[in-house]
Structures are given as C-alpha cells and as structure tokens.
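Common to both upcoming complexes is subunit A, partnered first by subunit B, then by subunit C.
Then we have the complex of A and B:
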C-alpha cells in the first residue's frame, strides 16, 4: 500500500525563458497530491515530464516503477492522463472514442463507462465538436477513468468547469479512491478544491518546489498571530515568521511553524495574543510565494 | 460492509473539515442514530462519499478513537465503541477538557476569577446567534 507511485529526483529542464529547477517529489500509492502553482510556474512542464512527453535534462523520474521517459509505453498502460487542452477528434462521436480507447486497453470497464455517461450527463452519440468545454473535459475524464488506471495524472481538470460540473468531477475522482491501490496527481489553481481532496500538497513557483507536505500538517502549522505589544517593548521573536504586517503596537505575524507554545512565548515577552487565525490554503500559498519572491527577486 | 450514505453534510464555511466530521459523528452517536457496536463507513468510503481527502477523514477517525467513541479493527472496519452510551455525555468530556484548558490559560495570563467568569459570559453572548433555538427554561419565562 505504501509503494511509491511517483518518484522524481532532482529533475531539471531548461527552456530559453524558463528553468525547472531540481524538482524532487514522491507520491505513495493510494493518495492524492494537489499540485498548486501560478500560471507559468512549471506545473505543466512537470506533468509533461512525468508523462514522458518531455525529456528532462537531468534527474530521474519513475512512475509506477518505470523509469521515464525510457519505459513510457509500458507505464502509460496504467496511467490515465487528462489535460486542459486535451484534443479529441471533433468529427467523431463520444461513442467512437469510447470504442477506440476500449480497443487499446484491456482493463476498459464498459459498465462503468455507461455509469459515467449518466453521471456526467453526456450523450454517447454526440459529436465532440458539438460539446461545450465542460462536456469535453468530462468526456476526456470518462475516457481516462473507464480504463481503470492505477494512476491518474490530471492537469487542471476542473479549470473552466461550472460549479455543478466541478462537483460531479471531484465526486467521481474521489470515488476512484475507494480502491486504495489507486493514486491521483492533479494540478489546479483552485486552492479550495485542492484543500478539499488532497492528502499531500505541493507548491511550485518559478520552476521550484517551494513546499511539499501533508495537507493537515500544512494547514496546522500556518497561522496568523495577532498581537498587542506594549509601548517600549520589542516584538517577540517567534519561530517561522515569514511576514510581519499590521502596526507597531498591533502587529500581525504570519508563521509557518506555529505550535501552542508560541502563545505562551509571546506572553512571556509581554505581548498579548489577541487572536490566532487559521489560514486557508490559498492564503498559505500566496504568503509562501510572496515571501520567497521577496527573498529572491527574479 | 456498511454501504449506506453517511449523510454527513460538510460546509465550506463551517471550520476545519475533520472537525466538522468529528462533531457530526459525535452528534450521531449522542442522539442514538449510531449505536454501540454498529459498523460505520470505512475511512475511504466516507472520503469518497464526502469528496474529501482520505487524510482528513483519517484524522477525524483518529480523534474519535482517542475519545474512545469508535474502534478501528485493521482489515475489518470501524465500529462505534461497545461501551458508548448515547446522550449528551459524549460532549461532556470534551467540555471538561476545554474548561480545564481555559482555566489553565487564564491562570498563566494572571486573570482573576471574576475576569474569567466574565470572559465566559462574553463568549456565550458571542455564540448566541449561532446557537439553535434554546429550549424554554425558567429564566426565559
């Protein structure tokens, strides 16, 4: 159960205007990794390398035990890949695509495909060119899911979907995980849904992995501490502070290493803790990115 | 295997997801909808039902286990603990814990007894809106 499904070690790739800088990450079987980054941060490049579509300049990549890109053909039998710009044949129907995919993948589950058609409210006889963006995404996802791949790699699967379609898609993704041998790697800039369904979270910015953590740990450790400091006394030093906002007497500290001891530490130094606020994943991501960019301007 | 829907309803504005799951499971046990020894959904099943991560549900289950309300038998599933008695008692232990913690914090902050009582009163006022319609009591007559 705890076999590694994805292992990237020091993976780099240089383009004229972009450098993917030594990405190392691991994902064990049965879990969901949410991969968050701004536009152009390197999400899609990382995913293309994972899929063997782009060859890394250096570093090693193993997916389901297969070195990539060398064994990509074998690996892909067990990977379902859906990307935002997935192209299906416009002139063909969804049913044609289903037959086509079924003919190549022996694990294709016909009954499940039919169920997905109904759940996603799609019509098999409809031509792809007549589908809306949301329907295309759902069609691509159906084609990937019904193959029952051990690993799903999804590049922004819910971008551009309406709230109802997004819920259907997320619900379907999570039901896949009833089977603990299956794993999901997905990128998104919708932090709310990443927060909802991920076990692990990775932040990428400017080609670098800036955080890789269990979601619950990440959410537990980041806090905004609102203090009242008496005139004349200094701001208490607390661990992991990455941002100080507010005023001199009423500072607000953002820390990435909060623990309950921080409260007594502040009070020992004469400051009053007025509040400790939890942060959403979005706030954590933005604070993390901004603090790194300040330390290391482009 | 327990396959029925969990009927747990999560809200995006209702605080940490694992906490919401814990609270609703406790309530379910408190009102006797889940009885002692009853099998409850597996962690993966509930995660799938609620579209939340496995790790979130795992955390909720761990907390319920620590509170002695459920037991998880490896390979068999999770069950409401055999000795659980429905009723508001389930929340009592938690309440006692919070009160002790508040008293301890108050002491470290050097608060007087009066101050602490007034803080509790203030907290009551602040949560007033959020509470369900109170049962009629002597005071309200």
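Then we have the complex of A and C:
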C-alpha cells in the first residue's frame, strides 16, 4: 500500500515566540511514523495542523486525501486522536463517553470496545473523575481505537504513565500494528518507545524538521567510530562526521553516513579502528539536535 | 476555514452532551425559582421585592453558570481537545455552543418568566407591571447571550467573569432607565396593562439584540485560525 495518508508541504505557522518553519513530510498508508522532538520543538503544533485545529500560515496539508483544515470533519471520521493534554468529562462515565463517540462514528466497533475494556481493566460504569491518569489515557485510547480509524495520531500519549500502564498502552499499539492498513503518527520525546513501534522516524527541533528517514536506515547510518591515530598522522576525513570527541590520539567520531567503506578508509590513512558502535535512537537524536544547534544557534 | 456544510446531527449530539453534563444545575434551579414565585403570592411588599431579586439571580446565575461551564471550562479542563478530535468543525462547535446555551437557558427562563407574568395577571396584582416584567425578562436573555458570546469568543475565565459582571450591572442600569421612560413609568403601577409604543420599541430592540449578539459571535469565530 503506497497511498499517502499524510502529506505536508512547506507548512509554516508563526506565533509570537515560536515559528514552525516549512515542514514537509509524507507518510504512506500502513506506516508508523515516530515524531521525536524536545518539549516545545513543534510536535503539538504540527499535530494540531494535521488535525485541522490550527490553520497553517502557508503551505498545504492533506490528510487521507482531504485538504486541511477545509475538510477536517470528513478527515476526522477516519482519524483516532489521543493527546497527552486531552481530558474526558470528569462527571460522566466511560460508558457515556463510549455512547457519545459511537453516535458520531458509523464504524464504531462495540465488540472491540468491550474487548479493550477488559484488556485495559476498565469499568464502563466508572466516572472519569474516579480514574487514575493511566486509566484515563487507556480510556482515551479505547475511544480512539474502537472507532476503527485508518489513521491514529498520538501526541505523547504515554507521558506521565507508570511503567505498567505504559507497557499496556504500547502493547495495545503493537497489536494495532498487526492491522497493516492502519497508519500511526506517534509523537513522543521518549525515543525508546518510538524505536519500539515505528518504521519511520522524524526529528523536529525548534520548529524545523531535521531528519525524516526509515528507522533501520537511520540506525544503520549513525555510528560511533573509535580510532587510534598514530602520532604524526592526521585524523582521517570520513563522511558525515557530526562530532569528534575523545583525545587527539584516541578520537571518537560520530558519523551520520557510516558504511563499511569508512573502516577501510580509516585504515588506509594509517588509523586503527578500535571499534564501531551502534547508537540508540536517543543518542542519534541528541547528536543530531546538538550539531544543528551548533550550526544554527537560536 | 471550513467550507463543509454543517452536519446538524453532530450539532444535536453536542447540544445533548451539554444538556447531559449540565442537567443537574438547570433542573435544580427550577424549584428555587418557582419557590421564589410562590413566595411572591404572600402579597407582602418586602417579600415581593426579595423574591423578585432572587428570581433574577436564579435566571442570571443559571445563564452565567451554563456559559462558564460549557465554554470556558471546556478549554480550562482540556476537554476541548477531546471534542475537537471528533468529526466536528468550528462552525458545528460554535453553532452547538450557541444553541445549547440558548435552549438549555430557556428551560428555566420560559417557565419562570411565564410564572412571573402569570402572578402579575392574578386578580388584585399590579397588572401594569407586565410590560416592564417582559422587558426585564428579555434583558436577562440578552445578558445570557452576552455572557455566552464572551465565553465562546474568549474562552477566558477572566473575560467571561468580566462579561458576567458588566451584564449584571447592565441589567440594573437598563432596568432603571427603562423604568423611567415616560411610556413605561406612567403606567407601570396601574391596574391596567398598557402596551405603549415605547414598551414595544424596547421589546423589539431587545428581541433583535439577541440574534445580533449571537450572529456576531459566529462571525468572530469564523475569523479565528486556531481552535486548540
């Protein structure tokens, strides 16, 4: 399936103290995009624009083939949205919320909602104000999933969850992924979670998209190369070096363009490759952000 | 921002949601208001004045509480994100908020206004007060419309509270002004109902003000770019 679920082209939005700067990204149907950024990087603004809740100053947005925000109501019929700052009505029960949402979604799956109730250990007759934070997140996720959305947009849904609740939420997301037609846009600053469920990764920093790639490609291309450079030799020039740490004799190079040829290149220049270390997504994200910030100070 | 047609089924669901979440306050206000009307029947002047004040407080209070809960609290308590995640456009949201506040407000307003007019129609009552009572009842509808508009447009507790304060002040000031208009004051305490041109003019102006305020609310909302 290669139909585009999301297409953003040069999307900008200016606020007094923040500028979302020309975001362009595409997400095809069935993909899971992990959208990583620090607090205030522009993740929520991007998502609000995607949902049609904020109008971009320039650029175009299409979600499930619908221009946004013009056709947001039609698009939202196929979107499940859960946000960290989304709350349900405290005075109403979960059952009331389920009926309310079901009344607006023709594809509401009652049986699946009941299954999720059991799986999340939630009681339909309980009022929302009596639920813990973890239960509220699971309730919101239930309401989003049971409407059978083609696109699931999750804005830091696991923030503030205890490890057990986080595992349950992620577990359910993993099971949703088995439905290959389901597309997920997952925003988080928890890189470990993103790494677990995503097949594509986007980094956003200070309102700019600084990376958008397949997860495996990203993890394969970023490496820390530990060298031993003999006295009198110069540091070999290897492609995509982001950072040089360590000492002059024992440098550690972080590269974003690693390939097997890098090792032979170093050895040809007289350096000894002591090790090539894989990097976690978090290390890649931090290195990427820091190098960009050094190049473009705020 | 959104050229799609209004989905009235969605608007109805949103109105029913606000009714469900606020039904306790609305239904609870009815016995208080009707109790105040019953006390008016005792015939004592001090009781009459106190009960009329209580009645006004109940009606204005219900409108203010409703507007605050359905608009300002929706943002403050972050339930707006939930509502706007549903297939709802700003037009449907605004239409639902205006209609919900108006319809739910009418639930106590209509019987209490009818009750007040009914009491004045009883034998021995000061029938001349009926036009002024009708004018003041509509004034309360305007007050509620203003508070609703402030709530929807600003979504701010501070601005809506300011709106409540100014509207309540406006009721007293306008009540004083209307009560001193020659076409109203001359017949107010008579035993006959006199629908003078002045009374009609004020009533019609009030009736037109309500849709004007609500229409302006819709227009200002349409110029917003951010709904969350």
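Points to keep in mind about this one:
As a convention for this text, the second predicted complex is superposed on the first by the 298 of 298 C-alpha atoms of A that agree within 3 Å, B and C clash if a C-alpha of one lies under 4 Å from a C-alpha of the other, contacts with A are read in each partner's own complex, and residues count from 1 in each chain.
The rule is simple: a contact is a pair of C-beta atoms (placed from the backbone, for glycine too) under 8 Å apart; a residue touches a chain by one contact, two chains touch by 3 or more.
Treat the numbers as computed from the prediction; the structure is a model and nothing was measured.
Applying the stated contact rule after C-alpha superposition, one finds that A:96 touches subunit C and leaves subunit B untouched.
With both structures placed on the common chain, the touch criterion links A:278 to subunit B but leaves subunit C unconnected. In the superposed model, A:81 lies in contact with subunit C only, and not with subunit B. Of the two partner chains, subunit B is the only one that A:216 touches; subunit C does not reach it. Judged by the touch definition given at the top, the superposed model places A:32 against subunit B, while subunit C stays out of reach. By the touch criterion defined above, A:122 lies against neither subunit B nor subunit C after alignment on the C-alpha atoms of chain A.
In the superposition on chain A, A:4 makes contact with neither subunit B nor subunit C.
In the superposition on chain A, A:252 makes contact with neither subunit B nor subunit C. Considering which of subunit B and subunit C touches more of subunit A, the answer is C.
The interface of subunit A with subunit B does not overlap its interface with subunit C at any residue. Only residues 12, 16-18, 44-45, 47-48, 50-56, 59, 108-109 of subunit B touch subunit A when the two sit together in their complex.
Across the interface of their complex, subunit A is touched by residues 1-4, 7, 10, 13, 17, 20-21, 77-79, 81-82, 84-89, 92, 225-228 of subunit C. The part of subunit A that touches subunit B in the complex is made up of residues 30-32, 167, 170-171, 173-175, 177-178, 180, 192, 196-200, 214-216, 219, 264, 267, 278.
In the complex of the two chains, the subunit A residues touching subunit C come out as 48, 51-55, 69-74, 76-77, 79, 81-83, 85-92, 96, 100-101, 103-105, 140, 144.
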